[in-house]
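Presented sequentially are two complexes of chain A, the first with chain B as partner and the second with chain C.
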Partner chain A sequence: MTAQQIIFLFVALFTLISAVMVVTTRNLVHAALWLVSTLFGVAVVYALLNANFIAVVQVVVYIGAIAILFIFAVMLTRRDMRDTGPQMNKNWWAGALVAALTFAGLVSLLQEWSGFSKTASDFPSGFDAMGLLGEALVSPDAYVLPFEVASVLLLAALVGAVYVAFNPRSGDSQK
Partner chain B sequence: MVPLSWYLILAALLFSIGLFGVLARRNIIAILLGVELMLNAVNINLVSFWRYSDVFSMGGQVFSIIVFAVAAAEVSVGLALVISVYRRRNTVIADEVDMLKW
Partner chain C sequence: MNFWNDPLRVAAEWLEGIFAGWGMDAVAAHVLVVFLGVLLLIIVLMALDVFLVWVERKVVARFQDRLGPNRLGPFGLIQPFADIIKLIIKEDTTPGDADKVVYNLAPILSMMSVLILWAVVPLAPVMLGTDLNVGALFIIAAGAIGTLSIIMAGWASNNKFAMIGGFRQVAVMVSFEIPMLTMLMIPVIFSGSMNMNVIIQAQDPVPFWVLSPLGALIFLIAAIAELGRAPFDLAEGESELVSGFNIEYSGMKFGMFYAGELLHAFTFGGFWAILFFGGYRFFGLEQVSPFLAILILIFKAMLGYWVIMWVKYTMMRIRIDQMLAFNWKFLTPLAFALLLVTALVNALLASAPAWFYTLSMILANLFTGWIALEIARSATRSERERIEGVKKPVEAHH
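For the complex of A and B:
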C-alpha cells in the first residue's frame, strides 16, 4: 500500500462515518454539523483527485453557504423539532433495504465494466487544469451555454425562494 | 496510485447512505440533508471519471460545477418551502404535510 492509498482509506472512512451520522442522529443541528464534516471529507477526496478548484468550491459553496443555510433552517423551525419522538418513519427498514439493494446493484454493474480497476496516468508536464477549466466554461465551443443557463437557474431560485418564504402577514404589519 | 474502483465504491456507498436518509427520515430538513449526500456522491463520480480518463476534456469538472449550482438552487428553494410550510401548518414532519392527500 502506498501512502496515497492509506490517506484515501482514512478519508473515505471519515466521510462514510460522518454520512451515517448525518442520517441517524436525532438532533438535527448535530446532523447538519456532521454534514459539514462529510463535505470536508469529500473536499479532501477532490484534492486527492487533483481537482483543486472543485475542492475549494466545495469548501466555499457547500460548507460556507449550503451547510450554514441548513443550520439556519433548523434553528428557524426549532420549536417543532421533536427530539423525543421517532426520527425514522415506520417503514425505515424498507428504505434500508432499497439502499442496500441500490448499492449491490451499482457494484455488480460496475464490476462488469472493463475500466473498473484502471489507474490514473500522471498529468502531462505543464498541464494546467484550472486554465483549461476556465476556458471550457466561457468558450462558445464548449460549455458557455450550460454555464449561463446555470446562472439563470440560480437567479430564478433566488427570486422563488424569496417569494415562497415571504410572510405576507408580517409585511402587512409593517405598513 | 489509488485505482478508480475505490472512488466509485466510495461514491456508491455515499449515495446509498443518502438514499436511506431520504427514504427513512421523517423531518423534511433531514430528507434534504440526504439529498445533499446523494449529490455529493454524484460529484465524486464525475470528478474521478475526469481524472481517470482524458484529462484534457474538462466535461467532468464543468458538469460537477453545474451540479454545485443546481444543489444551491435546490437547497434554497427547498428550505424556503420548509419555512413556509412550518409557518402555515406548524410542522416539519413530511407525513403531516398531506393537504393534497385525499
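For the complex of A and C:
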C-alpha cells in the first residue's frame, strides 16, 4: 500500500464517521459542526486528487458560506440554542435506501470503467490545470452554456432573496 | 548550490542524507524533513508573535503619548515573557454548562487559521513553502476557518455577551470577505496567476499599488475588518459586550485568541505587501541572499502592520448598522466596479506600451474612486435631507 492510499483511507474514514455523526447527534449545532468536518474531509480528498482549485473552493463555499449559514439558521430559528431533537424521523428508511442505492449504482458504474483499477499518472511538468479549467468554462466548445445557465440561476436566486426580504411598505432600510 | 544561496534545500538534503544514513525509508525521510520544516516555520512565527506583543504595546504607547513597557530589560523587551508566564500560570476556567469540546477547540482553530496562511507565503525567491496555484483563494479559505472558530467560541461559552460578540464578528467577517475576495482578483488580473510567487515576480518594474492604488486601499480596509480591529471592532465593544466572543476564556486560551489576532494583523500586513508592494522584492536586493529577501518581506509586513495599528489607534468604533451599510452599499459595489474597470482596461490595453498602460490604470482607478465618492456624497445628502427636512437656503448677504 502506498503512502497516498493510507492517507486516503484515513481521510475517507474520518469523512464517513463525521457524516454518520451529522445524522446521529442530537444537538443541532453539533450536527452542523460535524457537517463542517465532513465537508473538510471531502476537500482533503479533492486535494489528494491534485484538484487544488476545487479543494480550496470547497472550503470557501461549503465551510465559509454554507456551513456558517446553517449554524446561523439553527441559532436564529430555535428558541433554545442547545435545542436537541430526535435522531430519526419516520422517513429514515427511505433515506437509507436512497443512500445504499446510490452507492451500489456508483460502484457498478465505476466497475464498467476501464480506469477504475489503474493508478492515476502524474501531471506532466508545466501542466496548468487552473488555466485549462478557466478556458474550458468560457470556451464555446466546452462548458460555456452550463456555466452561464448556472450564473443566471444564481442571479435569479439573488434577486428572489432580495425580493423576499424587501419590505415595500417601509421602502428602505429605515425602520 | 551552497547554503547561502538556497539554505532550505541544502539543509533539507543534508537532513535527508542523515536520515537515510540511519536506514530510514527515502519517502519517510522526506515526509519527516517536510514536517520539521513546517515545525521550524511555526516556531519562528510564534517567537515573532511574542515579539509582536511588545511591538504593539510600544506603538500604541507612542500613539497615546505614553512610554509603554519600559521596566523589564532594555526597552521593556522582557515584558512579553512576563506576560506569557502570567497567562500560563493563571487558572484555566471553563464556564458551567459550556460545551467543553467545542469551547476548547475554538482557540486552537483560531490560531490554526492564522498559521495556515503562512503555507502560501513566499519568504524568498527560493523559499516558497507550498507553491500553490490557488494561493489567493487559499487566503479566503483560511479566513473561513477563522470565522468558524469565532462562532464556535461564541456559542460554546454559554454566555449571551460572547454569543452577541460572536454574531457581530461573524457578520463583519462574512460581509467583508466579498470586497476582499474581489480585490484579491486585481493582482490576479495583472499577473495572470493566483500563485503568490508569480504575483510577486510580475511586479517587476511596477508594483501593483501603482497600477491599482484604490485596490490596495480597499484590500487594506477589508483586511482590517477581517481582523476585527478598530474601526470594525464592534464585536469587542467593551462598553456593551465587555469583551465579545472571548469573554469566558482565561489564561493561555485567551492568549491564543490574542496572539492569533496580533499574528493575523502582521500576516495581513505581509499579504498587503505581497499583493501590492512587491513582497520580498526591493530593487534587486532580494537576489543577493535569501536571508536578505526574508528581512525585506518582514520589513514590508511590519510596515503594513504599522499602518493597521495606526488606523486602529486613531479611529473610533462604528456601529453595526454603519458597518453593514458601509460594506454592502459602498465598498462591495465599488470593489465590483473597480474589478470590472480593471479587467476592461487590462483587456483593451494588453498590447499598449507600458507607460501608457500604467498611466491609464492609475487614471481608471482615480476616476472610479471619484465617481464612487460623488455617488456616496449625493446619497448621504439626500438621506440627510429626508431625515432633517430640506434646509432652507440661508440668506447669505446681510
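To be clear about the criterion, the second predicted complex is superposed on the first by the 127 of 175 C-alpha atoms of A that agree within 3 Å, B and C clash if a C-alpha of one lies under 4 Å from a C-alpha of the other, contacts with A are read in each partner's own complex, and residues count from 1 in each chain.
Quick note on the criterion: a residue touches a chain if its C-beta (ideal position, glycine included) is under 8 Å from a C-beta of that chain, and two chains touch if they have at least 3 such contacts.
Because the structure is a prediction, the values reported are computed rather than measured.
Of the two partner chains, chain C is the only one that A:I68 touches; chain B does not reach it. Contacts of A:V57 after superposition: both chain B and chain C are touched. When the two complexes are overlaid, the chain among chain B and chain C that reaches more residues of chain A is B.
Contact with both chain B and chain C is seen for A:A129 once the two complexes are overlaid on the shared chain. On chain A, the surface patch touched by chain B in one complex and by chain C in the other comprises residues 53, 57, 65, 72, 81, 129. Of all residues in chain C, only 27, 31, 99, 102, 132-134, 137-138, 140-141, 143-145, 147-148, 151-152, 155, 163, 167, 170, 174, 177, 193-194, 325 touch chain A in the complex they form. Residue ranges on chain A touching chain C, taken from their complex, read 3, 29-30, 33, 36, 52-53, 56-57, 59-60, 63-65, 67-68, 71-72, 75, 81, 128-130, 173.
Note for the complex: chain B touches chain A at residues 1-10, 12-27, 29-30, 32-34, 36-37, 40, 43-44, 47-48, 50-52, 55-56, 58-59, 61-62, 64-66, 68-77, 79-84, 86-87, 90-95. Looking at the complex, you find that chain A touches chain B at residues 2, 4-5, 8, 12, 15-16, 19-20, 22-23, 28, 31-32, 35, 38-39, 42, 45-46, 48-51, 53-54, 57-58, 61-62, 65-66, 69-70, 72-74, 76-77, 80-82, 86-89, 91-92, 94-96, 98-100, 102-103, 106-107, 110, 115-120, 123-124, 127, 129, 132-133, 136-137, 142-143, 146-147, 150-151, 153-154, 156-158, 160-162, 164-165, 167.
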